[in-house]
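Each of the next two complexes has chain A plus one more chain, namely chain B in the first and chain C in the second.
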Partner chain A sequence: MRAYVEFAVKKFQDKMAYRLDFFMGIVNTAITILVYLCIYKALYGDAGEVDGISYPMVATHFVITLGLSNAFHYNEMFLQDKIRDGTITNEFLKPVSFILRLLAENIGEGAFKIIFHFIPALLITLLYTKLCPPVSLLGLPVMFCSVALGYLILWLISFIIQTWSFWLFSVWGIITIKNVFVSILSGSLLPLWFMPEPLQKILSFTPFESIYFTPVRIYLGELSGRETVFALAVQAMWVALLCVIANMFWKKGTKKLIVQGG
Partner chain B sequence: MIVLKNVCKTLSGREVLKNISLHIAENELVGIIGQNGAGKTTLLNTITGILKPDSGFIRTLEKENPAAEKRVLQNLVYLSGNRSQLWEDLKIKDSIDHCIEMYRLDPSTAKKRLDELEEIFEIRSFRNSPPCHLSLGERMRCELVYGLLPQPRLLILDEVMNGLDFSFKHKIMEYFKDYGNKEHTTILYASNQLSEVEQLCRRIILIHQGSVLFDGRTAQIIALFSPCYRIEAVFSGNFPDFEDLPLEKYRLEGDLLTVDYDIHKIETVQILRHLMEKCCIRNIRILKPNLEETIQKIYGGANGKYN
Partner chain C sequence: MNELKIALQSLKMSVRTRMQYRVDSLVATLAVFIRESANIIVIYLALLKFDNINGWNVNEMLFLFSLLFLTYAFVVSLFADLRDFSRMIREGRFDRLMVRPRGLLFQLILNNADLMASAGHGTLGILLFLISAGKVGICWDFATILYYLGAIIGGVLLQGGMFIFFSSLSFYFLETNSLREIFYWNMRKFAGYPISIYHKLIQGLLIYVVPFAFVNYFPAQYLLRKPDLINYNEIYIYIAPLVGIAVYLSSYLFWRVSVRRYYSTGN
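And then the complex of A and B:
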């Protein structure tokens, strides 16, 4: 376990090595958020509420989803590059699990970006607009759990597609398409509240809703106690299901590698 | 330590390993040589369990599938001259700290050992630099420390002298010579620098087109495949008569006489005695064939042309 914590810590340090990246990350996150806030401010105009959703709620939604999605962005070509240049064999000979190591590194990077990109960008945003305060103090830790589960869902979807590089020469295109799908269907472009009713129904049966939307609703206090527990259970269910699928692809892929030599 | 029995492996339609059987004992230091594409790396990958043989049997570190068990991998280090283990953007000391965590080394023992290794490989001064600020040879020395720190039972070294200058090569070679017995480590040393292998390894395995062409003592392969020695003598006086000696060939250029002979047919002393009797020798040099010449000869033979 300590070795994996160390992986996360090292990746965190690794990120610290680049000062320009650090400042650009803040600017990038702040601009993405502010652009959306401007658009929605204009769209709202003088209207207090649209579909029962007020502007501060939308603003809060975007700060959380865009801030997190920027923070949760990492190099998704890692596995493909390792397979292509053959250094994947190096990884297999390390006395640690490759999957957990990758997860630890990505979490380390995510933690770095949340602390050094998201939080400063959040402060900048607060200068510009008012956001909804957390509904209760208890809500915050529950929301953090939900964010963590959302992250795992996002990570597992990405990992599953990354494992396809055992069979495909390039997964870049698929990853790009996936990212578009995730940003639309998880509500980071258009909040799911404003999606047509049937689409919302369909999305509630997919993992996308669980990525950012569930944490946002918990933060805003849209869910009752029982609904919150149910939402967390749904997230956990998706994590478990995606774990099984990811493991299946990984096993098949590594088997192909040791039999056919990649 | 390592057992391979009738191992065959075909990769993308090419038979890379053909019926290879090997036995490598504990604490042995074995050189693995072969031309490009002979199957060296495939063989090493098969030994580590990263590649599964199509048929045949492997057993490394008492396991048939060593790469599948993390506990076994703590005793196996594969260092390669062209695949870095170090973290690209981190300081060397952070990479090494991480190695200590990953291999679950005891901190105080690891610290002591690191001190020793830093001394031998002279890397202490670049502790605080990331690998990208170091030269190839400096980086390689750090890689070696990184790989030696966990004291693995099986150490695979693949072209690890890349970029090292002469004095370091020499120093590191001396270090490895009795490393196996001192640290209870089996070393597989793959390299294209035959002079290194000749100096370092008592046993060599020569891979050619996927098969083991030779497996045995280094001295033996030389004696077996290139028994020709050469005497170069600077002499004055009359040209001696060699008619009655079983020599391969002899040549005279100015006052330099070159004699090639097969040590199985005639002993060196006999020729020397003959020379001393027949003419006045001012200077003499006896040349032993080295591994490189021998291997060249073998390939010449194997490819159907003698040089």
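And then the complex of A and C:
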């Protein structure tokens, strides 16, 4: 466990070295927030509420979602590059689990993005717009559990696709397509409240709803106590299921791996 | 004539390179197409619920987007090397061009057409145009067609000019990617929507600093005349095609001045 915490901390410090990157990250995040809030505002026009959802709720939804998707932004070509140049073999020799190490590094990088890109951008946003406060203090720890589960779902989906580079020449295209599906279907661009009814029904049977929408709804207090427990259970179920699938691909892939030359 | 022959030869080479990995190229084209469609799908779904965005309905929005994609399809096949210019400098590949008996910019423009991206953007642009062009109340006579073609050419030159400008900065600064990220790629994302919805500051950026507004918003306004045009000087919609030429020429001059400063990064 200690080793993995070290990996996460190391990655975090790695990121700290690039000052310009840090500054640009804040500007980028702040501009993105500003622009999307403008778009939502224009969509709302003079309407106070649409389907019982007010503009501040949408704004809050967008800001939280952006923060989470910011935290999940790392080099998804990592495994492919390792396989291509053959350095993946070094990883097998190390006395740590490759998967957990990767996860630890991504969490380290995510923590950096949240603390140094997202929070400053959020403070800038709060200067010119009002967001919904959390519904209750008790809700916050519950929300953090939900966020962690959502993060794992997102991470596992990405990892599963990355393992396909054991079989495919390049996974760049598939990763791009995956990211489009995730960004639309998880509601990170247009909240799921506003999706057509049938699509919402279908999405409730997929892991996409569990990524951002569940944590946001808990934050806004849209779910009752029982519904919250159920939503968390659904998230945990997806994590378990995706874990099994990821493990299967990883085992099959590493067995098939052939590294040429050295 | 000789120049044209080189151009065709170079294009043939690009096609051949890409065709070495047929399936991979196809997947990449599809990926670009789907990635760019994401915004369209979102705005389509949003307008199912909200009906219009600052007075623009769904077809008018698709028309606005189509200009952005159609122009970019040309930009990415002509100016791909300038898009990735800072990497080119870092890897020292720029030196190679200097010993060849043709102009530098000429070589950069012809080299390495990113045909997959071009096909992805182009298909989407044509598709959006076909869906929307008949339904937005434009009377397609000789004058409008002429203006439309002018606007496309202007839009290509404008974005190409911006690529040349950002590339020229590489001669002064080591690292220009984050600048490009903020001022080019971010602004391009915003340009898909009617700029009147934005904060005044961003409108200013899109008109005067990174003038994407002249790639799609003002040309679309010439053809559509939506009520939010009243926020701007009407002359903008008439000069839109010319802005592209002006941006291209001034970027070209800046390039000429800057390239003299170049000394290799060494190896």
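Quick note on the criterion: the second predicted complex is superposed on the first by the 257 of 262 C-alpha atoms of A that agree within 3 Å, B and C clash if a C-alpha of one lies under 4 Å from a C-alpha of the other, contacts with A are read in each partner's own complex, and residues count from 1 in each chain.
Keep this in mind: a contact is a pair of C-beta atoms (placed from the backbone, for glycine too) under 8 Å apart; a residue touches a chain by one contact, two chains touch by 3 or more.
Just so you know, these numbers come straight off a predicted model, no measurement behind them.
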Fit or clash - chain C, chain B, common chain A: fit
Just chain B (first), just chain C (second), both, or neither: which does A:Asp14 touch? first
C-alpha centroid angle, chain C to chain B via chain A, nearest 10°: 90
Broader residue contact with chain A after superposition on the shared chain, chain B or chain C: C
A:Ile202 contacts which: chain B (first), chain C (second), both, neither? neither
Partner chain in contact with A:Leu126 - chain B first, chain C second, else both or neither: neither
Touched partner set for A:Ala3, first chain B, second chain C, both or neither: first
One more residue to check, A:Thr89. First (chain B), second (chain C), both or neither? first
Could you look at A:Leu100 and tell me whether it touches chain B, chain C, both or neither (first, second, both, neither)? neither
I'd like to know which partner A:Val229 touches here: chain B for first, chain C for second, both or neither. neither
Quote the smallest CA-to-CA distance from chain B to chain C in the superposed model, rounded to whole Å. 14
Residue ranges of chain C touching chain A (in the complex, touch as defined): 21, 23-24, 27-28, 30-32, 34-35, 37-39, 41-42, 45-46, 48-50, 52-54, 175, 178, 181-182, 186, 189-190, 193-194, 197-199, 202
Touching residues on chain A, where the partner in the complex is chain B: 2-3, 6-7, 10, 13-14, 17-18, 86-87, 89-90, 92-97, 257-261
For the complex, give me every residue of chain A touching chain C. 20-21, 24, 27-28, 31-32, 34-35, 38-39, 41-45, 50-51, 169-170, 172-174, 176-177, 179-180, 183-184, 189-190, 194-196
Chain B - residues contacting chain A, complex: 11-12, 42, 45, 48-52, 67, 70-71, 73-74, 76-78, 80, 83, 85, 87, 89-90, 94, 97-98, 101-104, 130
